[in-house]
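Shared between the two complexes below is chain A, which has chain B as its partner in the first and chain C in the second.
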Partner chain A sequence: MKKAFFASPAYRSAKSRAFFIAVCLFSTAAMAPLFLILWELVEKGHRQFRPELFTHVAPTSMEAMLARISGEAIPGGILNGLTGTLTVLTIAILMAIPLGIWTGIYLAEKRGMLMARLVSSLSDLLQGMPSIVVGVIVYVWVVRPMSSYSALAGGVALAVMMLPMVVRSTEESLKMLPVSLKEAGLSLGGSYMSVVLRILLPSAFSGLFTGALLAISRVMGETAPLLVTILGAATVNWDISRPVSSVPLLIWEFYNDPNLVGLIWASSLLLLLAVLGINILAKSIASKWKIQ
Partner chain B sequence: MKDRLFKAGLLAAACMIVLLTAAIVYGLVVRSMDAFERFGIAGFISSSAWDSQTDDYGALPFIAGTVVTATVALVLCIPFSLSVSLFNGEYFRGRKLAVVAGSIIDLLAGVPSIVFGLWGFYTLRPVLVAAGISGQGFGILLASTVLAIMIVPYSSSLSAEFIAMTPAALKEGAYSLGATRMETIRYVSLPVASSGIFASYILASGRALGETMAVTMLIGNTNNIPRSLSDTGNTMAGIIANQFGEAGGLKLSSLMAIGLLLFLLTAAVNLVAKYIMKIVSR
Partner chain C sequence: MENTVNTDYILELKDVSVSYGGGRNAVDKVSASVSPNTVTAIMGPSGCGKSTLLRAINRLHELYRDITTTGDIFLKGQSIFRMNPMMVRRLAGMVFQRPNPFPTMSIYGNVLAGYRLNNIPLSKAEKDCVVEKSLREVNLWDEVKDSLGKKGTFLSGGQQQRLCIARTLALRPELLLMDEPTSALDPISTARIEELILELKKEYTIVIVTHNMSQAARISCNSMFMYLGELIEFGPTKQMFTKPKDKRTEDYLTGSFG
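Entry: the complex of A and B
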């Protein structure tokens, strides 16, 4: 260490500048994959990105092969995946968001208590759980008893993944509110329930909303847990007790089928744009309504 | 009365989390019992058999593959994520450029893992093949490289916060003694933030351990213990994703057992990281 300070000042400042440049270069390199991925998806997927993508179900391997042989574009789209993703996400949202917000309120209100500390650690544990393990456990508890793969099972799996994120964001945004807000409400004679529901929750709304959106965007592209819970379906299916497909699952199927592989780019592009769009929306809401 | 009911409702929601965790652990343990009874816990972990014909299963190659890919990914990601955290937490702290860079890195965390897998398969793999590292390109190195890119957001954003928390007085002290920017970072900021940075890398490695789709698309899916970086292998998450659909009986139970082991592994890693974090923030 001492040796470094005996070097000439010019050398040391040059070294410092070189270090700064290296930091900038490596940082740029770390960000580059986002643009490289987007560019590749746009370049390879824009031709498949047409109205049929949203109005037709995925083609069978046979149809795609015939189209390939005759030199046409692969027909069909990913309608069955879109409706499946919509169903599964709706189920997950309906389960995870109310429960997550409720638990988050509990954690913010009872901070420091034994039960709250336990729940907080468990929610960290759930958050770190690998997504494939979530899928496996939902297979045990939902798919096996119902003796069928189903949209419901997929929804439960995504809900388990969303839950800890919603809990955490609710807790954090409630904790950011000044205590005086709650005290003012209580001193005006408001009941505890009305203070929490009418004052604290609305004040923290932007935080809750952002947290929920981020949680949705995080699970939207999940493939692994759906692989073992919803199985996939070739047609549009609204029955939540039966197998459905989803966009990431379709991408996985296309990837594994040499005849359909041409469809991965447009579907991935759509998925990525949806995920990034929700992400950016969530961030802009957070910065716009930031609690002062 | 209403308040009581409301509070009971909040408590009930919290209890749901406890129940859920209990159900997860219980389900995993019960379902993996068959495999553990047949092979023994130590036998299952140390065996590298995976044969449906003889119904003989072991987890060693997958544990090895998981630990190796995650470790290599962690090493590969350090120069990049440390640069990002210095960029955001030191050089451009609080400036618009850091906000933009932080958002880009956050977006990278949002990219679905299957898309990372596709990109690794179609863009990075040909690069490795052209460089002559391995014939097909599949293997530990390819999987770890993509994993490294995937965990940069997790390790860098937390580290940046810890680096930014370095007391200004300490840094000013270093500057007043004539230290350059780099020397201040090297001898003041990084040592002060070191345990926080360490914890954030452990947390990131937890992510890498459980990653499924991208790894399974790139690692080559062979049930052997990887001998070198260019060797193929498989991970715990990968074998579950690949074989769960067609599995039954003892094989299903063995996959469940691997799931349980993976769950315990990530839980332990996360616990260590959270513990360090708690000590640091005190």
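Entry: the complex of A and C
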């Protein structure tokens, strides 16, 4: 009698329904933090999220305090952070992407060879390296010899963090190409170089581009390695041998100053939107330019 | 040259063996000669070394460690191992089992891919000429002449395969190597490729691997029958199908194994 109940279609479909509801509930719960964070940032940051944020440098503590007392919005923006982030990211991209793509080609072509396995494991290790450690190392490598904190040092630190991600995504997207593509290119009398440059890399382009974008969005919000490399600057500075600021670094500075706390939310919102935007772009490129 | 070769043959295989690192040879001491403007079919059961032999002819095995080729292969009287591999592959074009047009290139670009990969500069007029001539040779011109800018991957499987043949023909190879070119295609596309092979025979020499005996009978002048890496029998197709010399050929052709 009991056995028959557990085997009955009604019981089994009810159980299946309960399972489906649980799946929905848990996936909603997993999404909740993102929406709560977004809501919190919009609610607290919308007042400061205005054109001035993009056109003015960060205010001093005194300016902010006066505004706070009179109940106005804090004056100024994060222009010095935006330009700093732009400079540091550009340097990191110029270093990490070519190097990462070259290494990725090597790993995809020489899979299984001892040297390739070694490089691959080291790249994994590098990916797991705590970001503050990367920062301190770059401090020793770049900041001390140049005897100045600089955008260049920050760029090197972010490049080191991006490198393993670019290597891995290049390797994976090249490995997904059918081997017949390479054989067809070589069978037409192409040299190895022209087959890699004219057939394999273009065919894997969407994967390479997506990987690069995701790597950029990952390091965009990095703070720890920048603390010990770029130091921070109160003005806009385009000289890569001098200290600069960055958006996450400014957020850290705002956090440390009770008068500036109000600017945290708008800056964080901007950073989050930028990362979100890059991610959406990467996803749409991956699906649109997909090679059949 | 230590070996004297008869230049009447476009392709000569001398004791060609290929091994995939240890164990039995995948191709074992195969010797054969191919005359110009003929279609030679390589037949045999799966795993007998047909494709391996074909790939030895344009030195594709060199891309992989562990694979060693011994013996000698002469293309128009010259040993391919003393030529630059890029030159060998241009002279002996290869068509693969699955159609593999380059996915980032248009139909136009695919036909010209060989010129781009070899850094051979062409004027616009020359390019148009090569594209039209090659696509006409494979009877694809009328179907695609209005969509040359479209990606090659939008074509049907059979059209893609003809595009791949056109891509190979564009470089005017001496020899056309085909590795089961119809095994991924439907019967109608297969029939069109077979007709094409018979037409191409007038200008090219073709060596085709096939597991389909009736295809070999329909299109080839000469046939090789391979079994466990050995060349069991090589001769005119008609003779092999009517009066095979070897018991194993007869068993295979009558369906006793394979």
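Basically, the second predicted complex is superposed on the first by the 268 of 292 C-alpha atoms of A that agree within 3 Å, B and C clash if a C-alpha of one lies under 4 Å from a C-alpha of the other, contacts with A are read in each partner's own complex, and residues count from 1 in each chain.
Keep in mind that, in the parts below, contacts are C-beta pairs under 8 Å (C-beta built on N, C-alpha and C of every residue); 3 or more make two chains touch, one makes a residue touch a chain.
Quick caveat, the model's predicted, so the values are computed rather than measured.
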item: Which of chain B and chain C A:Ser191 touches, first, second, both or neither; value: both
item: Chain B versus chain C as contact partner of A:Leu107, first or second or both or neither; value: first
item: First (chain B), second (chain C), both or neither touched by A:Glu183; value: second
item: Partner touching more residues of chain A, whether chain B or chain C; value: B
item: Chain B versus chain C as contact partner of A:Met162, first or second or both or neither; value: neither
item: First (chain B), second (chain C), both or neither touched by A:Leu99; value: first
item: Contacts of A:Ser203 with chain B and chain C, given as first, second, both or neither; value: second
item: Interface residues of chain A shared between complexes with chain B and chain C; value: 191
item: Interface residues, chain A side, partner chain B - complex; value: 1, 4-5, 9, 12-13, 15-16, 19-20, 22-27, 29-31, 33-34, 36-37, 40-41, 99, 102-103, 105-107, 109, 115-116, 118-119, 121-126, 128-133, 136-137, 139-141, 160, 163, 167, 191-193, 196, 217-218, 220-224, 227-228, 248, 251-252, 255, 264, 268, 271-272, 275-276, 279-280, 283
item: Chain A residues touching chain C - in the complex, by the definition given at the top; value: 178, 180-191, 194-195, 198-199, 202-203, 205, 291-292
item: Interfacial residue positions of chain B with respect to chain A in the complex; value: 2-3, 6-7, 9-11, 13-14, 16-18, 20-21, 23-24, 27-28, 31, 79-84, 86-87, 91, 101, 103-108, 110-119, 121-123, 149, 152, 156, 178-183, 185, 187, 203, 206, 209-213, 217, 237, 240-241, 244-245, 255-256, 259, 262-263, 266-267, 269-271, 274
item: Complex contacts: residues of chain C adjacent to chain A; value: 58, 60, 63, 86-87, 89-90, 93-94, 96, 98, 100, 102-104, 113-114, 116-119, 153, 164, 167-168, 171
